[in-house]
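Look for chain A in each of the two complexes below; its partner is chain B in the first and chain C in the second.
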Partner chain A sequence: MLISTVLSVKADGSGFTGPSIDDFFPPVLLFPGTPFEINRLMAIRILVVVLLVLFFWLATRNLKLRPSRAQVGFEYLVGFVRNGIVYEPLGERLGKRYEAFIMTLFFLILGMNLTGVIPGLQLSGTSAIGLPAVLAIITWGVFIHAGFREKGWKYLKDTLFPPGVPWFLYILLTPLEFLSTFIVRPVTLALRLTMNMIGGHMLLVLCFTATQFFFFTVLADGNLIGLLGVGTFAFGLIFMVLEIFIEVLQAYVFAILASIYIQLSVVDEH
Partner chain B sequence: MLPAFVSAAAQAEGNPNPVIPAIPDLIWGTISFVIILVFFIWKALPAINKLLDERRDAIDGGLKRAEQAQNEAHAALEKYTAQLAEARSEAGHIREQARTEGAAIIAELKEQASSEAARITANAQVQIESERAAALASLRSDVGTLALDLASTVVGDALSDDKRSTAIVDKFLADLDADEKSKAGK
Partner chain C sequence: MNIVGQLAPLAFGLAVIGSGIGVGYVIGKTIESVARQPELQGRLTTLMFLGVALTEALCFIAIAVAFIPFPAP
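Now for the complex of A and B:
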């Protein structure tokens, strides 16, 4: 009760400003009015792309048969994606074909996600839906193309009319299959990633703005309730670790789902 | 805390919808994806795959070399074993041959010795025979002269006296004996 009165008073006055959805639509910095408008989030994306290219260029520039310590680490990272995400669901033949695509998905999303906790940036490149949507649409196109490439029109038949089901169930099953395969898959891919990043960002900003408010507004006024800032700061740190984990996990989830969708398209059902 | 959050949420109304992408958002997203994909296809993955292939080749080569060395060692071992067996059988052969040869030599020597002995025996017999013949011949001539001597002695002396004839014979015999003894003494 006491806290809420303190907060409501302050919220009206000197200002506790929590996180808002505006954080993901920062003001335009460059090329206003054109389709190439650059705001802070787009600038972060460009920075991530440059850093990714630089990292992979440096890492693969001078690979040795007998690896250095750093190269072993790099090979472990690439090997994890290559074997765990690409080759395991898809097998050797298809794995080779979709390796570049899925590795791009993983490392691009990972890089974009991690900017959410990097001091000074603290905004994920994937927290505006554009990039996740583009990636989801491309994944959608790739797994449909993979299905047609492997099985021709039989792909649609296998997907919409799963074999081994009594014919009258197709009345129910076919619309559901259509919905889940061609609509729900890309939408969930994009939304899962974006909303995780937005939620994580909101949580971190809430914790740290609250800490700021408790320490520099409430405590500075001589009100000991401001010591609650210690707690919010601790929560902020814990959520930050959690957020790093979620950022890696979401990159993994997106990439492995893309891999599995391709595999489901090409698998021969009887 | 809650009212602040609610007011913040209320402020958000009328703001852009986070689920509807803006055009620049889509454009920069696509550009990001394309750059990374092209870079991966063009540079990063070929480098990684080339390295992995090279490493596999190196390992395969190493394995092949090791296998080759092992095969060579096997071949050498087999060769040595064969040579050793051959040498052993040859040694056995030589030993066998030596044994038969030794036996042959011994038999030959025995043969030689016995024939030598036979020869010596024969020689001795011939010699004895010839000596006996010589002795017989000389005895015969001696006996002739002795008989003549005896006869002349007997004739020259009185043959009627038995006592004298006995004495003559005794004397003859004694002479003969003496003669014999003197011959043996010589």
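Now for the complex of A and C:
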């Protein structure tokens, strides 16, 4: 109640402005009017891709049989991702075939997500639907292709008409299986990533703009309610740590779901 | 007394109750199973993520509903 009165008193222009969905559609910086418009989000994405290519080029440029300290760290990271995300669900044989794809997914999404907490950038490359949608569509294509490559047309039969149920259940089951496999899977992949990033960004922006407002508008007016800014600032810092965790987790979830979907379309059901 | 605002966040909150309970249940059961049979952890983790993905899908559908342009009454 107290907060809302303070906020409403200040609603005349100098008041509190929270985050909005427009944060994710910043003004165009370069090439306006063409299909290649570059805004802050696109600039961040390009920067992340350049940094990732640079990182992997530097890390794999000079590999030795007796590794240096940095190489041990790099191999530990890559090995953890490979064993935990690719080989665990897929097994060794299929894992070798799809490890490049899934590890690319993981590191790309991780890099894009982490820009959400880096000061100065503060906007995740994945927080507009475009990039996650492209990645989800590629994953969709890859798991369907994996099924056809492994089982041929039997893949569609196994997916749409799962064996071992009485025939009249197919009236119910086939549309549901079609929906959940070919439509819900890619849509939720894209939406999960985007919505997590949007939510995290909103939370952080809300905390820090509130801190700014409390300290420099309310407290500067001599109103002691402005000391609430200490609390919002502390919450902002806590949510920042939480946000880093969520960003790593979402990259992990996207990659492991991609490999689980590939495994599900390849596995032989009896 | 007039209350002005959006109903969409409220609806999303209601929708999330269900999938929140569902996700918690799936993960809790997985932890329980791993505690009983630690050697199955890899297989169970895979199944857990599959279950979580399916359960969570409901709350993402709930988010998407807010963006569907329903005709005004």
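The working rule: the second predicted complex is superposed on the first by the 269 of 270 C-alpha atoms of A that agree within 3 Å, B and C clash if a C-alpha of one lies under 4 Å from a C-alpha of the other, contacts with A are read in each partner's own complex, and residues count from 1 in each chain.
The definition used in the following text is that a contact is a pair of C-beta atoms (placed from the backbone, for glycine too) under 8 Å apart; a residue touches a chain by one contact, two chains touch by 3 or more.
All values derive from a computational prediction rather than experimental measurement.
For the composite obtained by superposing both complexes on chain A, the positions of chain B and chain C are free of clash and fit together. Once the two complexes are laid over each other on the shared chain, residue contacts for A:222 go to neither chain B nor chain C. Chain centres taken from Cα atoms put the angle at chain A, between chain B and chain C, at 100 degrees to the nearest 10. Once the two complexes are laid over each other on the shared chain, residue contacts for A:191 go to chain B and to chain C alike. In the overlay built on the shared chain, the residue A:134 is in contact with chain B alone; chain C does not reach it. By the touch criterion stated above, A:256 is placed in contact with chain C alone, chain B being left untouched. By the touch criterion defined above, A:120 lies against neither chain B nor chain C after alignment on the C-alpha atoms of chain A. Set against each other, chain B and chain C touch different numbers of residues in chain A, with B touching more.
Minimum C-alpha separation, chain B to chain C, in the superposed model: 6 Å. In the superposition on chain A, chain A positions 191 are in contact with chain B in one complex as well as with chain C in the other. The residues of chain B lying in touch with chain A in their complex are 1-5, 7-9, 11-12, 15-16, 18-33, 35-37, 39-41, 43-45, 47-48, 50-51, 54-55, 58. Only residues 88-89, 180, 184-185, 187-188, 191-192, 195, 253, 256-257, 260, 263-264 of chain A touch chain C when the two sit together in their complex. Those residues of chain A lying in contact with chain B across their complex are 3-4, 7-8, 11, 16-22, 24-25, 34-39, 41-42, 45-46, 48-49, 52-53, 56-57, 59-61, 63-65, 75, 78, 99-101, 103-104, 107-108, 112, 125, 128-135, 138, 191, 194, 198, 210. Of all residues in chain C, only 42, 45-46, 49-50, 53-54, 56-57, 60, 63-64 touch chain A in the complex they form.
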